[in-house]
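Shown below is the structure under consideration.
Chains: A, B, C and D, in written order; residue numbering restarts at 1 for each.
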Amino acid sequence: MIEELPTRLYAWFLQLLQKIGLPSIIVDIVGAFLIAISTCAVFLALFALTSVLERKILARVQNRLGPNRVGPFGLLQPVADGIKMLIKEDIIPHNADKILHFLAPVLALIPSLLVLAILPYGSNLVPVNLNSGLLYYFAISAIAEIAIFLAGWAGNNKYSVLGAMRAIAQILSYELPLATSALCVALAAGSLSLPQIVQSQNNYLLGLFPNWFLFTPWGLAAGLVFFIAALAETNRSPFDLPEGESELVAGHLTEYSGFKYATFFIAEYVGMFAICALFVTLFLGGWLPPLPFLAFIPSWIWFFAKVCFIAFVMIWIRATLPRMRIDHLLSFAWKFLLPLAFSAFFALLLWHYLGRNILSSLLSFAFIVAAYFALGYPFTQRYSPRKRTYLFSE
Amino acid sequence: MPLQFYLYLSAFLFSIGIGLALSRKNSILILAGIELILAAANLNFLAFWKHSSFLEDPSAPLFALFVIAIAASEAALGLALIIHLYRHTGSTSADSSNQLQG
Amino acid sequence: MTANPETGSPLWQILSNWGSLIPTILLLLALAGFSIARNLIRAALLIALAFLSLGLLFLSLGAEFLAFAQILVYVGAVAMLMLFTILLSRPSEREHAAAWLDGGELLRGFLIGIILTFILGMFIAASPLASQKFQNDFPAQTSLSLQAIGQALIGDAAASFLALAVLLTAALIGAAILAFDERP
Amino acid sequence: MQIPGSGILKGLAVTARNMIGSYFEPERLITQQYPEEKPKLPERARVFPFLIYDGSDPETGIRCTSCKICEKECPPQCIYIVQDRDQNGKPIKRPKIFNIDISVCMSCGICVEVCPFDSIRMDTEFELSSFDRFSSLILDKSRLLKPNSYYHQIHPTEAAQTDERIEAERRKKQAASAAKNTPSKPTTPSQPSTPPQTPNSIQTERPPASTPAATS
């Protein structure tokens, strides 16, 4: 019964409107708005929750308690942060471009909310069922780059432009591995629409092992590449150089305060959850239960459980790894992630065209392991600084 | 929307693209005008494809896809040329690069 | 609860008939802004808005794959390239102002634009297309299925697809070499 | 051949162990809920100076004899002493006014070292914030005076040493005075005064008036 709760509630509400006698156009529009608002509400609630849980997990890792003052176990902390952000004075730099300065946070938030429209939250809980959903995701997240540039440029501050350039260089160079690994999944599933990708991961090997794409040989490499690129795409954990406090104050966010600053953070966290949801949909079988007999738990509970687990892993990595330097960050993308994504692509061909059985899986797994070690070898060597010829500094 | 609406729109887009390309001093914006011309052609393809009776034949969207790809590479090269031009003539305005004029 | 309203529903009728009005208005506003934009960065952003609204227009025309490809390529890449070129070429303050024209050129540019529109408009009006009554109600399956494009790309258009790949790589390498600064 | 990425996995394992450990072994957690639990300051913690008085009545038991050495020695000059006078104007060995401006005091502890009568020591009470910037930040004599028992509370070992030294001095002085009023006994050289533990070099005669009641 809980499984169809959202759909039944939605249908009941629409009938209610019809009974009141509203023209059917209005009912449709209200229905569309209802879906949009409910999806955004769920993800903004998740944002509020994680802004506390992230600080508590980071605290627990460092053997301290974390916020527990506001509300029970500190759960009302987001309310306190929200009010603090609203009260803070919103400073616009002297001859900054007022319109662009205001536009940047809006442009940062809109794509991260738009992207939620195509994610399959439950068995038939897809806000919009586009048959090129994956391409929609990449197209909309391309707009977020312009927002970062605007944030850097509108602040009329040289360092924020520098920070914006670094952020865009990082996002552009990590977009390629992200797209290639997503491409592998689209090829394996045979379609770009996300509900179809989830459907294609639906069967269970010998009734026990769910054959999600992450557990296929090539899926391991593609999943690893996608996860690392996802971390870089949302400027998190080891790749949060653009907002690195130690280097560029706050990168492209230096000139923002008050609620505009909070909007950027809402955009970042919702973006993080969106890419976690995409990872779950592509590699961890969206709303599919891990074992066939666990299907009595509603599908959307499975989906959000997996999303929260992946978000936890992202926070866990943030608690462990130090920040990477800009050139290591970029060379890591071009020298390790992209070749690994292409080798995952090749392993997929091996796995698929040799008839998706055990033999082809072993073969492609061997190929992936060989590629991983070959590509990873230079990164395990001690860094031997060779004599650098400087191009620009004399 | 009827076909004529799209035809007039893409005609207007095409001519505005040419108008802007001719009326701008800064070469970056001239390039933007040219992009508009290509986009207008795309719009025409799709309008005719949508109002034709054989929707299954994907040749029009395919062609539009090719136009988008070529326009992107052309824009990349054009902008690289502009940077090169800027390094030699010190400004991106189109009038400053007229050394080839004999 | 898939929100795709069955194609018969009134909202879908409205959208498919008049849906392309909103992107068109957005497009015209963006172009107006772009032609009189004084600040270079604003001009580049307005062009990005124009490309975005064109993408929405393609969406209302039913070519979904095209719309997202257009947004991804133009708004994500070309507009970003323009912004980078504007930053790299560091137009001086005088140049910024020069982006704004002495009346003459703008007038000439618009004159050409308007005359051309009329000429093309006459051709469109005179052409047999205008008189023919086109079936205005869209078939149920409005958006193009991806499989068709995929088959075409691999099937009969495979040669041009590979040529396109070569062209894109050449453009990539060429642009990189051209833009690379060889200062010793 | 090191597996690429194994370093990251080891790091993740460490953080995971820490995180799970913090749930099962609560003593790992170092957070002090400050307003509720007072922080456990180390023994030699010091904030601002305070005056000690023996016995129960601060007025009579005050050790300070307003010799003003600390006023002269204080680097930022934040101590202000006015000597007390009895009714017919003869100065007596007690401060009438003893102010310390704690907004200036840098808690260096020099006044403690130079004080010959061990009457000033460093306090550990740090919640001294106030609303106005001047008057409440100048501690007058009544706020500075604290009993010797409080001193034993905050610096137990140091207090014990000081009392033991005062006790030794008093006994030595009594022995000396006993030797003076019984001349018959051959004047044995008074045994060399044990080097004073505290570095205060000046050995002045303590007036008989002060009641050496060293309460434990």
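Criterion: contacts are C-beta pairs under 8 Å (C-beta built on N, C-alpha and C of every residue); 3 or more make two chains touch, one makes a residue touch a chain.
All values derive from a computational prediction rather than experimental measurement.
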Note: chains that touch chain B and chain C both are none
Look at the interfaces A-C and A-D and say which one is made up of more C-beta pairs in contact. A-C
From the C-alpha centre of chain B to that of chain D, how far is it in Å? 84
Inter-centroid spacing, chain C versus chain A (mean Cα positions, whole Å): 28
Distance from the CA centroid of chain A to that of chain D, rounded to the nearest Å? 59
Dist(centroid_CA(chain C), centroid_CA(chain D)) in Å evaluates to 80
Who touches whom among the chains? A-C, A-D, B-C
Would you mind writing out the residues of chain A in touch with chain C in their complex? 6-7, 10-11, 23-25, 28-29, 31-32, 35, 97, 99-100, 124-132, 135-136, 138-140, 142-143, 145-146, 149-150, 153, 161, 165, 168, 172, 191-192, 391-392
Complex contact set, residues of chain C against chain A: 1-5, 9-11, 14, 39, 41-42, 45, 48, 52, 55, 64-65, 67-69, 71-72, 75-77, 79-80, 83, 87, 143, 145-146, 181, 183
Spell out the part of chain B that touches chain C in their complex, as residue ranges. 1-9, 11-16, 18-20, 22-26, 28-29, 31-32, 35-36, 39, 42-43, 46-47, 49-51, 53, 55-59, 61-62, 64-66, 68-77, 79-84, 86-87, 91-93
Listed in rising order, chain A residues that touch chain D in their complex are 57, 60-65, 316-317, 319-321, 372-373, 375-377, 379-380
Which residues of chain C touch chain B once you look at their complex with the stated criterion? 17-18, 20-21, 24, 27, 31, 34-35, 40, 43-44, 47, 50-51, 54, 57-58, 60-63, 65-66, 69-70, 73-74, 77-78, 81-82, 84-86, 88-89, 91-92, 95, 98-99, 101, 105-106, 108-117, 120-121, 124, 129-130, 134-136, 138-139, 141, 144, 148-149, 151-153, 157, 160, 164, 167-168, 170-172, 174-176, 178-179, 181
